[in-house]
């Protein structure tokens, strides 16, 4: 068996091309009214499903690495590379919509009826991707008032439920953020220091506005109000109680501690030890945005293809897709971290020890 | 003077590079707190404005050609090529957002305050593009309850109003569609023939469903209802009275006659004489979709950059952009034509004479 | 059977997902040394093969349409749309290289040995695409001094030979160009008129240079020589004898008559009747360029993956691909038409009748 | 002055739009024969020059950071982000070629003569980019047998020479690699360990081939020979003497020590401390490849535009560009590192201390 390594492999067999290239079964041809463009329709959906499989392959391995007790530093680099690959694939999926757009509505009509009521809603793998990332049943659009699972059979439904209950990437990343060891370090309390820094920044800014001889009085008032509002905003969102109220009322999802850890990572992202964590959070936002763009472009394409009429799945495809584009976003809270940042010049200085811990030096000196 | 043709031209002077490359005036540097990334911010906006100028150059020439009494066939091909160029440029503008995304929120904070209250809302050229395409003042989002023109000076406001009143591309295309000579041709009335074809198609389809031994009764009912609904839909939207009611109530904008002409062009698009018109309508939809995608991606980028907080222009940039993405669409009615199409096999056959008129033959025979 | 139309279709079955998603058989896993990235390697090649199938589907239909006795005008529009689709697909294939680039050389080493000696050289469908477009056996790079067919089995070799002998798209387009009815029209001989126009243009230009008071004498000389050279160039390449010598010596391939017809189409491309022919020639050049870019980018990727070492197929993949990039170009002669053009202002005016024939008018007037 | 911060900034003034939008001076219009497409020609070149300025802004800052005595770890992250930005910009520049491709050769002819002899060869900033990256005068294509600097004036020539002599990014990265502290660490000598690992891998592989019952004798011979060749290859390229001979004869450029350091970084790239260095080397290769692709696509576009005839600069633009595409590559040696890698399973194990130094742990445990 070990020697099989040396047997001869041929490209054709390795890729199972005989099987692969015989799976395009045009219904229009089977029904005696061959429509040239149905082949494109099948192939582009099959290509999507192959990419879905690849994405799941990456996401499953990433979740697996997050699940090990101590997250290993070597793994983190691999986690990052695999998430970046997922982004590259979704980017390609967005480009692929252009192939579908070479089909005109009239060409689609030639075989559209033969597909009824099959629909993209029925893609099991796409639902698995969303759930693995962290989309919960309650976050989803319902399907004519019923669960999105209604289009799947029992075994598929069970698989989807298992994913939803098994700990999504969202929850794994949240847990990892909460464990970050940087928030408290030998007497340095990041959150207290940050709140103080915000206060100082605001006070200084207000003083500068009041002292200015060049700002017209009316403008001064407006600017002072803006700075004040900004101050209350920070106070508000940096408070644990307020954050927990927001979670309870569904306004955000990421836990308080994880949020503060993500804030720290964003603020000190050029420290070498935070480089991978920062890139990782960025990549999660990327994936979220790219999936949103994909749903959105998809909605546009359906609109052009069939107008406002209902899709083959029996519902208005365009409306559904357009609505899910934003609603199915998962890492919104990470995007919102941006509103908590202050300029570098106002940042609290890290204590010596922590700074050393977070950085290291290359170069002749060492 | 004619001989200047032969004087020596140098790339550097031709492109006015001395001037061009001195127009990046970083405010952060001027104020003594040089922020590395402000240069990118300036350059990418200047590049956008250069592309806007190019788009206006194309749109103005296209409108000019539509305005001539008899639209010349040679012009139509040029019109098409120029609109296609506009699409290619907007596609590039969408790609360009990626350069902005290489800037992190923290880097932006380094100079963001210096820009207050400048804002992309103040791009005169972008407003001109929208108005030239056909966006009316009443279609636009208001700006804190006021006209979008409030951020422009008197002369700029006057220019925008002149464009709005001067006949937009939407109106010019509408007029051109209304003049299409194919709707009535020696006794052939397209609309009557089409309504009849829809009727026949529906009747045939219903009979087939009723006769089927394979469709379960419950499914039969559902399918019959769908076909019936589809029939009322066609009756509804092909009626002139109904169409005029929709226009009056703001549900659509394109005139009845222009809509029917666009329908004909879509249905018989492979007839050579309709090739350019079909491509032209397609290109208008493309431009509309691409601008929508650009606004949408732009909104995503702003969200990542500053979260839900207000933009430098003093309003929530993300919300504004996300809302205008769909609302500022101009050629929606062309997209909706898709819902009026029926399969080729059910199409009314064109009378011999018209068919000949619309087609011509290459090849040995002729 | 006819009623099967109404049976229930499910997305999952329609796309044969059970089969499709079970065709990724990682050899590293089978041999007990599972390498995570082999899945990507398999899936991206399978996706390529699916797109190859789609491209062949389009090219075969296009060739079929060209083969009918009288090329029908309606078909030409469809031919164009299908070639444009091929371009969109190859564009996507180029983008797809980015997915492969997310794999590092070290990751590839984990399973590379298991694939020996399978290789992309063995893709039957890609060879079919090249041959269908018009690449002849003699135009190809040899494979270690032997025919490229050596890696295929008997049945595959027979299919490739059949395509090579069956009339490629190059030959079909050449024949169609030769049949274009515009070269001679009621006493108007395009070629004679064109040669005369070139002469007049050159004479006028030389006179202007000589008469100029502003060009320095040395510069005058240089410019006169350039115009003169340009004149001989035109004389040279517009001569039938010279053209036939070039074909005989393998310097070009497209027949003299076809070349002149392509020249005419390029010169008068805004005439409506030439719109589709012009777009068609453009699309063939596009496809050629895109395939070249794909090979080239592919070569770059292989270089990064394995350096200058030999590929899994046992030859230096990078060198092979880099060399074929230019060598396997098929429609070079169409690209070269550009060098035969003169400015619109110097073009021979078409006789009234021909002008009318080539154009038609939309609009109120007619 | 400090208060200027609060003065009012308007988008229009901030971007210097009045000046910017008046720099498009069409020569065709000035000479009384306005050609519509010249505006595109000017604008797309001006956009390129703006991006060139941005690229130089990034490269200069990166070189500056490399020049400081001890390269600071925080800087390295910033270096990486700025190089990634350069890649994103060149990617966009490649896309931009599509805007130029919307111009047909005939449209270009309308104003091409007016530009003589201006040419893209005369772009000062592009030469500065190449030299800053590390292209030496001797690596460049000559210009009709003369230095590429001949098209520049004295002051420009001086600036180019200063860059060439001032220490390019290539040299700065080489120096930094040579200083990497990992090659020798408390008694561990990486190179010796690596050569031993290669030997062991080869011996094991040969034994496995000889012992196999499944490989046909002829195939065995071939495989043994391949493994043997591979062994000599490694011996060869890992030898300092051989490497120095190659440098002397111009076959490679990167110093021996820098090459070995780059090899180590590639082999252990998932160690956290090597994450940024690995990404940095990758990004340099990216930039090199993207510039190559840009030159190549540019050459294709020129070919389509003017065929094989000479460009406005008086030389065959296509040939020049096609040749420089590969020849002007700067970081070839980094690409070649791939051929020196062996699979992870055969890698020498790092001594405990070094492993700890290179990695660190996130998570609960610590």
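Every chain is named by a letter (A, B, C and D) in the order it is written, and numbering of its residues begins at 1.
The working rule: a contact is a pair of C-beta atoms (placed from the backbone, for glycine too) under 8 Å apart; a residue touches a chain by one contact, two chains touch by 3 or more.
Composition by chain, UniProt nomenclature: A, B, C, D = Tryptophan 2,3-dioxygenase.
The structure displayed is predicted, hence computed values, not measured ones.
The chains in contact with chain A as well as with chain B are C, D. Ranked by separation of Cα centres from chain C, the top chain is A. Looking at which of B-D and B-C shares more C-beta pairs in contact, the answer is the pair B-D. Computed from the mean C-alpha positions, the centre of chain C lies at a distance of 29 Å from the centre of chain D.
Inter-chain spacing, taken between the CA centroids of chain B and chain D, is 39 Å. Centroid to centroid, with C-alpha atoms defining each point, chain B and chain C lie 31 Å apart. The set of chain C residues touching two or more other chains comprises 2, 4-6, 8, 104, 113, 269.
Within the complex, the chain C residues that touch chain A are 1-2, 4-6, 8-12, 14-17, 19-21, 23-25, 27, 30-32, 36, 39-40, 42-43, 45-47, 49-51, 53-54, 57, 61, 81, 84-85, 88-89, 91-92, 95-96, 98-99, 101-102, 104, 113-125. Chain B makes touch with chain A in their complex at residues 33, 104-106, 109-110, 113, 230, 233, 266-267, 269, 285, 289, 292-293, 296-297, 300, 303-309, 322, 326, 335-345. Chain B meets chain C in the complex at residues 2-8, 69-74, 76-78, 176, 179-181, 208-209, 212-215, 219, 223, 269-273, 275-277, 359-366.
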